[in-house]
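Going by the order they are written in, the chains are A, B, C and D; count residues from 1 in each one.
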Amino acid sequence: MAYFSVNGKKVYYETHGEGKPLILLNGIMMSTKSWTIFKETFSHQNRLILVDFLDQGQSDKVFEPYTQELQVEVVKGLIEELGYEKVNLLGISYGGEVALQFIVKYEHLVDRLVLFNTTYRTSPWLKDIGDAWNLSRGDAMDYYLTTIPVIYSPSFYNRNRAWMEARKKLLTDTVFSDKDFMDSMVRLTVSAENHDVREELKGIRTKTLIVSSEHDFVTPKEEQQELHRLLENSDYVLLPDTGHGSMYEQPALFTALTLGYVNAKDLSMSVL
Amino acid sequence: MAYFSVNGKKVYYETHGEGKPLILLNGIMMSTKSWTIFKETFSHQNRLILVDFLDQGQSDKVFEPYTQELQVEVVKGLIEELGYEKVNLLGISYGGEVALQFIVKYEHLVDRLVLFNTTYRTSPWLKDIGDAWNLSRGDAMDYYLTTIPVIYSPSFYNRNRAWMEARKKLLTDTVFSDKDFMDSMVRLTVSAENHDVREELKGIRTKTLIVSSEHDFVTPKEEQQELHRLLENSDYVLLPDTGHGSMYEQPALFTALTLGYVNAKDLSMSVL
Amino acid sequence: MAYFSVNGKKVYYETHGEGKPLILLNGIMMSTKSWTIFKETFSHQNRLILVDFLDQGQSDKVFEPYTQELQVEVVKGLIEELGYEKVNLLGISYGGEVALQFIVKYEHLVDRLVLFNTTYRTSPWLKDIGDAWNLSRGDAMDYYLTTIPVIYSPSFYNRNRAWMEARKKLLTDTVFSDKDFMDSMVRLTVSAENHDVREELKGIRTKTLIVSSEHDFVTPKEEQQELHRLLENSDYVLLPDTGHGSMYEQPALFTALTLGYVNAKDLSMSVL
Amino acid sequence: MAYFSVNGKKVYYETHGEGKPLILLNGIMMSTKSWTIFKETFSHQNRLILVDFLDQGQSDKVFEPYTQELQVEVVKGLIEELGYEKVNLLGISYGGEVALQFIVKYEHLVDRLVLFNTTYRTSPWLKDIGDAWNLSRGDAMDYYLTTIPVIYSPSFYNRNRAWMEARKKLLTDTVFSDKDFMDSMVRLTVSAENHDVREELKGIRTKTLIVSSEHDFVTPKEEQQELHRLLENSDYVLLPDTGHGSMYEQPALFTALTLGYVNAKDLSMSVL
């Protein structure tokens, strides 16, 4: 529970435990609070570092237009604040996009990278989906229905009715009815519009785990397959019967893959 | 270009060509006009029958609440109007749902059935997506962005930028700005909310072709696989790298599968 | 039931029905007799042309080494014998390879092409599998067990026990115990070893349907996906839960896809 | 490097490192020597325990007929020998089958279970493939070509020509030319013929990671999906573009998944 500054804006972060440092970069709707169920296990052998991007959680709002480059500097500032020479990064969706832009600019600061449900670019298709989200901002229920069903797999959404209904009530009653939150969501969404690192990934050699979900309707698995082709030292795995929100649908696989990849002494063994 | 009546409402239909009768049942946003590019080939060896469901195209509007059972009676009325003992049905999405309810009630009137991108039930997930569509009704661009990107595969949407942009302009300038059209769309969407034929399909033996698309974000392929398990005499095929709007993305496969399945003299050959 | 000559060798063929000509090119273990269950339906609207490649069925054996180029000339000779300017070709596996080599050399003679379970090249992996087949030639049961299970999907093989066991008895008692048949099989297998049309397919514009099977353990679906990328005017479809012998596992889809693709008046409709 | 006895037969095992115990159960052609490249990383935080099943590596041969139940007792004996109350088990293919039979009989001895490329039963299809292996026993090259290509993905086999050719030479010159080794292979293959734990898995609650490969031509992914349905507390993940020998094709994912799953403090976190 501490703050540091980037461009005069305060950034909130927390650290838990000791060991190899692992920074978790949030998806767009998330915050440091989203990691509650993972905190104990992720900090058992690692120094777990949670952070709110600008316009998220307890970090400052940013009222002028910005791109994800600003969040790249948040990550850079965080690593400096903590005094590390190298860290491990986990990014989810929006956070994964920031992570990709980060290694393009600051590859020397990253040991291993783990990406869940992350695309290498905001395609015209994804941009239009983001615009649909933003056009629904004025009505909490409209926003819920436009954004939430597509981030779960149909089977998870249909199986866990009580939980989804409770979440619908909670999100529409509070979070999506909060004008400040919604303004932040719109700015965050817009900040990702020009994300495209296809060209810049050439030559990047960071050991990277790419995880996609079979039923990801926001960042379809084909984009992670392309990312795998673009990133020379990457490994690629698929979560069957899972949607975009893989950390909630498959918490055991999310945990095992992340901790196993980050903590393995060596990952370069080969019979070849 | 003719009309008949169902429950005092006028239903518009067209027939083209001669041969085995093939009735096409429209998806929710479609109308008889949607079939222009297919008309010549589909009527080459068949009597092609196009029809507007109530609340579609040139058929009457229905201002009181209704369910898809009403559209089932439209299909029944059409077959009577044409004087057939048996017809072949092709249904797409909403039209496929009506087709499924139709064989449950009037199986004796159907020779072969072809279903593209059709689910056996409106799941809670799909209902919420429909609600998102309906809540966007007041803003043409919001409606476009909420409904259209998800009915194409990302690769089709991203590859054909000029066509998609022209379509965006056309739909937002005219169709989705037409209050009557939008009111119909909302009613049609609501009419499908209680669709669920899981139980009723037991014992149905109509020879049925089930076609799903790999990137169908509205009626995911798992639902067609389940439909294939439920429907004893069904065949199941998958269109790779295709979205919900398979007729537009894969017109050659749409044509070959439909005409081949409907017109083959026999489909029951087996080595077993 | 007639013969013509290629390089002094007699080639057996049959024709059935009248209409657009459709030549079926056999898989490696097949012959004109393999088409019994399809003959009536395939000749209903078409002139169906069955042919035994050299070293197959009732065509002559070839005792000197040869490549699939010889079979390309068989197809060429057949078209001349029948006096057609253009024909439609369907090829399965080995027959599909010959068909691909045929369009490279004689594209002007082909109207539409349908390929089931066909690869664009004999990869080192496939060559080694062919060598395994040939090394088992001396023992009918060894040959059966090495070649047959892998050409069916596990689910078909496990579900249809009585039929598979009867087939095992028949094939090991007679066909695979026939030294002449086995010698032919070895030569046919060897004749495909250098198949590779990757480079030659550039510029080929024949309208082509490519059908692959999800559980094809001989010509995996990735090879048909690559073929689809290589062949500009191709359409690609996948048969779920099906093995290499798709014509036997999915006779209705095999029939509908083939007849629909060959007989549709036009396949070039597009909204774009 | 030590031995213990089961039914009067000597079983060879090794332990490396300290920490949570992890026993690796070999695939059918493997031995303790197969783990060389993984030893350092797997023993970094764990006590890594390698063992040769009877008829493998440095353990005794078994000349009378036996089933995998004998190997279950090998695992039981090993745990007793080491004095553990609970261990973690990783099984690959044959070793995974033994692991499944082990938890049916001795669930109380297992903490977490990791299964790579493992089926819940030897289907008629798999039995026939095993028979093909055994009928090729007399000829080293025949055995190589019948068994080895199908345990790799085509893309791995085709991409790594030099390594595969070196392996072909090594295996045919030495291992597959060794009559004792081949006799063991045949007995091991036969010992798995009656493997079927479908019924016995009901009620098993061991936390289990099930990993399948997209191009597994020996234990197709559908069998792991079924295993996932049968095993209540299981998690399921897929390795794209990988064959049966996933540990060699995807060593980084093999390592991360195994160590992450075994070593995570908790895997039961859930938002539900």
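Annotations
The working rule: a residue touches a chain if its C-beta (ideal position, glycine included) is under 8 Å from a C-beta of that chain, and two chains touch if they have at least 3 such contacts.
The shown structure was predicted, so the numbers you read here are calculated from the model rather than taken from an experiment.
Common neighbours of chain A and chain D, by the contact definition above: there are none.
Centres computed as Cα averages put chain A at a distance of 38 Å from chain B. Chain B and chain D have Cα centroids separated by 48 Å. Counting partners per residue, chain A has 241 as the residues that reach two or more other chains. Here, these are the chain pairs in contact: A-B, A-D, B-C, C-D. Note for the complex: chain A touches chain B at residues 123-126, 128-129, 131-132, 135-136, 139, 141-142, 145-146, 148-150, 152, 154-155, 157-158, 161, 164, 215, 217, 220, 222-223, 241. Within the complex formed with chain C, the residues of chain B that make contact are 37-38, 40-41, 44-45, 160, 163, 207, 209, 214, 225, 235-241, 248, 250-253, 255-261, 263-272.
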